[in-house]
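In the part that follows, the structures are each spelled out as structure tokens.
Look for subunit A in each of the two complexes below; its partner is subunit B in the first and subunit C in the second.
Right after this comes the complex of A and B.
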């Protein structure tokens, strides 16, 4: 009598038809794109020796703190931080993690710009990075609108003119606290997390962009060489 | 894409890279992330302990009408006669003709129309006063105003606007010089008194249901007055103070909006009646350029020309030169 261990049969024993399954195809693609040593590498190219590389991971961990402190505020409700000293402290952590997030992200972006980090088939990595910055601006903006204090009153009554001028005010009412709060704590964080997640996966997939190759005189990057690196 | 002699794409240093064949060094990515996580925790905890965060109390219609009843009354009469900022705003609040911002034929606000309808006379003045019990004189004044011809209504509100310009605030009570403003004096006086009790805040939020989270109407009313703007100005939050980047007190605000707010400081946007749409148009184009920068010739060459990369990879180039 054989004992059922609960493990599925080995893929190699399956019919070849099964290999056309959506599930099988996605698994094969994921294994091909992200082998474990690429997803969690323990080696990096030697040129990756600059403080500028730290700002990428600082941006990601700042985002983690933004989400953690935001979740604590969400657990206790939107009015908690106005009436509780603990709530005010958590709100302060949330504020400063947002400031840190943008500070690190902007330095990271400038660093990547001056590295021309889109080279070598890394254009989508750049695109997702910039889009995550733009969506984060929107997420932060809705946070300012959700404060329920004078600041949010002033920002919303001023911002409505710009939003309305584009026509977006027809559906996106910055004076509607409930709508802005939902965008801030549900919709935009989901979008930011998805895009940042995709961005990090692309970084792992494509690797870190190599330096410009210098010509013989050590001054200018090579203008022409045979072929390209699909990286 | 230009191609070489054998049909292969020609190497473009702003698009392509040579495959890295140099050394690899040990790198503990999870340890780096964990240390960074703790370092950022320490940083934000330190900033939170030392600086806390700002929380300037919200302005209410009650506090506004108590602190500055003259400004409140001056604003209220413009809501009644339809000359306030909100009353003449156009979409999405009302259908005021030619009020939408536009660039040539491009007029998205007008195209999308009214979606948050606001009738300032009914919603901000007459409707709230109609909810007041045991005030027959006020109800008679409203009826007289509503039954009067439009020209008479305008004559009354114009006379009241002149009179209220010389009104005084005596210990929180509004004193308006006598004039030929008919029932308007009673209407605005009652609205001011109602607001000072806090009743107007609740009434403007009321939507017929118990719960409400939409503050559109009270915020529009507040924004039509000078009190909110004066308070913002004292907190360096006004547009000409680059207020979009600022925060109440001395806290950093949305500093990342520096480019957006900069366009509001320069001609022609700083004086244009279509300034918001023009600034948004510029920012949309710049944002698209930023997103698709790797595909744009010239712009994608800037990193190579500026040579800042030599500073970033200075150790690599030094070792390359030494070898």
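Right after this comes the complex of A and C.
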């Protein structure tokens, strides 16, 4: 921050002062890490011409449907999703979006595991994927507890002994409907969305992991995966 | 939406879901048939994703 003396600052002084501000530093590091052509590339490496690479984006699309249908359910409320035909349809869309989300995410996980996708300084990408998977399990579980039907009662009474045996039951009570609903519609979706967002940004930052053959031949993984090779 | 409802009715007519679930037991491992079907489907889709060729755009068609 500079003190205003009344005299007009020279352009060079102003530039050097501005460049030290935290806004300028954050902007510079963001531009350096995510240049527009890397953030939203036109082309992908040739080795991505395989069906196994589509499951990540299918997972993200399913998550988008989960969030959209969940927002509609939150607006309309349980009497709507339990009774009306349209409510039941949107409720089913929410359930089947979750099923698709986990279906695609597990195949994505298998694919990335056998590619050893943590190679080439992509450890954090792998770790954020694992964490998002675990948090998603919690989000789905609290969703089952929030159905307000016999199924949710059965699941909560079956789960309480297991959760209590870990000691977590002292602060996280699966029989407490209000707490489970808040975790399902506020806390866990925020965490999942943030971690998935970070995961996607890291994929853009580090690039898609190349096949073993490319890495073995001495090609730089980052160069090969920077999204510049013609597909 | 009508198409989806009709598709749901057709699938519902093929598979009767209006009853208690079926379970498979192997020693101490117990799993519902529905979960086993989903796991088998995931393995099949995973294998197909590796084996099936990905459609490529013809050169000069851009």
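Throughout what follows, the second predicted complex is superposed on the first by the 197 of 231 C-alpha atoms of A that agree within 3 Å, B and C clash if a C-alpha of one lies under 4 Å from a C-alpha of the other, contacts with A are read in each partner's own complex, and residues count from 1 in each chain.
Here is the rule we use: a contact is a pair of C-beta atoms (placed from the backbone, for glycine too) under 8 Å apart; a residue touches a chain by one contact, two chains touch by 3 or more.
Values in this document were obtained by computation on a predicted structure and should not be read as measured data.
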Per-residue touch tally on subunit A - higher for subunit B or for subunit C: B
Partner chain in contact with A:37 - subunit B first, subunit C second, else both or neither: neither
Partner chain in contact with A:89 - subunit B first, subunit C second, else both or neither: both
Touching partner for A:150 - first (subunit B), second (subunit C), both, neither: first
Contacts of A:52 with subunit B and subunit C, given as first, second, both or neither: both
Which of subunit B and subunit C A:107 touches, first, second, both or neither: second
Contacts on subunit A seen with subunit B and repeated with subunit C across the two complexes: 49-50, 52, 54, 89, 92, 99, 106, 111
Sites on subunit B touched by subunit A in the complex: 4, 8-20, 22-30, 32-33, 36-37, 39-41, 43-45, 47-49, 51-59, 89, 91-92, 100-101, 108-109, 111-113, 115-116, 213-216, 219-220, 222-223, 228, 231-232, 235, 237, 239, 243-244, 247-248, 251-257, 274, 276-277, 279-280, 287, 290-295, 300, 302-304, 306, 308-309, 312-317, 319-321
Of subunit A, residues touching subunit C in the complex: 49-52, 54-55, 89, 92, 99, 103, 106-107, 110-111
Parts of subunit C lying in touch with subunit A, wherever the complex brings them together: 1, 4-5, 8, 38, 41-42, 45-46, 48-50, 52, 54, 56
Touch list for subunit A against partner subunit B, complex: 40-50, 52, 54, 57-58, 60-62, 64-65, 81-82, 88-89, 91-97, 99-100, 102, 106, 111, 113-116, 118-120, 123, 126-127, 130-131, 134, 137, 140-141, 144, 147-154, 156-158, 161-162, 164-167, 169-171, 173, 175-179, 181, 209-214, 218, 221-229, 231
